[in-house]
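Per-chain numbering from 1; labels A, B, C, D, E and F assigned in written order.
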Amino acid sequence: MANPSSSKAKIRTVAPKLFELIEGTVYGDLWQRELLCRRDRSLITLAALIAMRQTDQMRSHFEKALDNGITAEEIGEMITHLSIYAGFPAAISAALVAKPLLVERGLIAEDAAS
Amino acid sequence: MANPSSSKAKIRTVAPKLFELIEGTVYGDLWQRELLCRRDRSLITLAALIAMRQTDQMRSHFEKALDNGITAEEIGEMITHLSIYAGFPAAISAALVAKPLLVERGLIAEDAAS
Amino acid sequence: MANPSSSKAKIRTVAPKLFELIEGTVYGDLWQRELLCRRDRSLITLAALIAMRQTDQMRSHFEKALDNGITAEEIGEMITHLSIYAGFPAAISAALVAKPLLVERGLIAEDAAS
Amino acid sequence: MANPSSSKAKIRTVAPKLFELIEGTVYGDLWQRELLCRRDRSLITLAALIAMRQTDQMRSHFEKALDNGITAEEIGEMITHLSIYAGFPAAISAALVAKPLLVERGLIAEDAAS
Amino acid sequence: MANPSSSKAKIRTVAPKLFELIEGTVYGDLWQRELLCRRDRSLITLAALIAMRQTDQMRSHFEKALDNGITAEEIGEMITHLSIYAGFPAAISAALVAKPLLVERGLIAEDAAS
Amino acid sequence: MANPSSSKAKIRTVAPKLFELIEGTVYGDLWQRELLCRRDRSLITLAALIAMRQTDQMRSHFEKALDNGITAEEIGEMITHLSIYAGFPAAISAALVAKPLLVERGLIAEDAAS
């Protein structure tokens, strides 16, 4: 299953220094700092990815968000809130990435439109 | 076939309020207002999607544009015009989304490069 | 008063070839093509600038839009429509650029909030 | 002093329907919903604005964030976290908007570099 | 194998004038000018595509970069450098596009994470 | 005169960790690595800033580019090249930032349009 670690691992041979910065500066340092809790960091990371329409790296951060205590309902509400600030297409794209994950985890029902 | 309604339907279980805003505010209210005709609304919606490089939601708006009276030739010219303002890569990506739709509808010829 | 020509003139000594492309390819060729009328070209140019939040070059294109027959009311409606697709902050920024121009031309009333 | 209301008021004569949507849908409806608390909404709104580099509308949302209980230290940490996801230039631009507000409110010291 | 020419060919029937501008203005004129060497043009073209997160048109420009004398190691370092300016997600997406090309050309080793 | 150091200094009290990362990771580590020369780093940094339309932080990087051996003519050509990839408005905005610097340094003539 895709997660931040796996993306990280995949790019190691292409950009070894980038891999090292992700391991060290990003996950080893910034994400560990206590000035913002992990739930807050997940909220703002996802908000930034949604606003930048970076769909290809959202799935692993939605997983991380669930692991950091954000509920499926809060994910839906966050996406809805951001439709106002980043535009409805950005919000719809994000919802389409979140949906299969939330279905897989049994947090929302499968439906005919999936 | 993909269309705005189907994307809308897909996100309903993830973000029910977003679904409601799309049904109500976007299609039920804004698109119905007479201060701009539907052809103008299609033109500016597509221009915005092309400029934001939001390829995953262009197909349904190209369909809508054809339904609102924009011709295949005008779509090509609009994309060409926007290459200047949003960059050639944005224009090329948009043309690659429009192409299979225009071929399916018999509005341009299939070719060896498709 | 700022207009596309003046921006164009300002950059001539920095990037002479860019100046030449703007004079030749952009205004001398593309804007003259009849496949899209000038009103349509103004609509999509402005929509792209609004979606890209390129406020520093909007004023001259709002002027051009008025010259190409788009009314003050249509400008307001276009900005409102795009709030849905490009986000409310992009729309608000665009409205703040359009406002002094529309006031100067006597197309909307001056108000206490200006 | 700039705040979301004042921007909103300024655009009323340009785009009256947009003003109505901001009053109604954005502040009257979405910001009132309890599925996300106001502190969370401020966090994600600011993260989106920072990621989109929409500096001209950040000031009022930094004010709102302070009013919603986010501390000056948390604002600094949020900006730092987002430097990783949205790039250092986006983070620096945001810090330059936040700084005079934080100084005015006596939350950080004035310094020689301001 | 994807390359700039093939994308160009694909859009010819959709937007013939755009095709003509790409053949003429872009490759026939700008890329031939001696004020910047082709290696420099590849560097800045790729940097722009990475910063705009335009992944769907990167592959052919990575190929062009290799043809213009940029090494696999320099591609990795360029991506790493840009993680700072355009954000880590933009850099990771770019590395994931470059990787299969670099593996195919035998410039980096295949690995378990690919 | 504005330069990367001064922006860096200004944000120190707002986001001390960000300041530390800029000093350490960005300038102390990445910019020192020999896999890309400083001229190449200036080219790609500027290309990214131009493509992201981050005008407020371009001036110091144009200065840095001149210090790293990029000529005024190459700056003009780089901006012209990027007009194709990032759009003409992005290129024009960049040229308007570069112009006063190039005039101040006596590298291009002052003109009536400035």
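A few points about this structure:
Criterion: contacts are C-beta pairs under 8 Å (C-beta built on N, C-alpha and C of every residue); 3 or more make two chains touch, one makes a residue touch a chain.
These numbers come from a predicted model, not from an experiment.
Traced through touching neighbours, the fewest hops from subunit B to subunit E number 1.
The chain pair with the larger count of C-beta pairs in contact, out of C-E and A-C, is A-C.
Distance from the subunit C centre to the subunit D centre is 27 Å, each centre being the mean of its Cα atoms.
The geometric centre of subunit A is 22 Å away from that of subunit D, both derived from CA atoms. Each of the following residues of subunit A touches two or more other chains: 17, 21, 25-26, 30, 33, 48-49, 52-53, 76-77, 80, 84-90.
Taken as a contact graph, the chains are fully connected, with every chain touching every other chain. Residue ranges of subunit A in contact with subunit C, taken from their complex: 84-90.
Contact residues on subunit E toward subunit F in their complex (touch as defined above): 25-26, 30, 33, 35-36, 40-41, 43-52, 73-74, 76-78, 80-82, 84-86.
Interface of subunit F with subunit C (complex): residues 53, 55, 75-77, 79-80, 83, 87-93, 95-96, 98-99, 102, 108-109, 111, 113-114. Listed in rising order, the residues of subunit A touching subunit E in the complex are 6-18, 21-22, 26, 48-49, 52-54, 56-57. Those residues of subunit B lying in contact with subunit D across their complex are 17, 21, 25, 30, 33.
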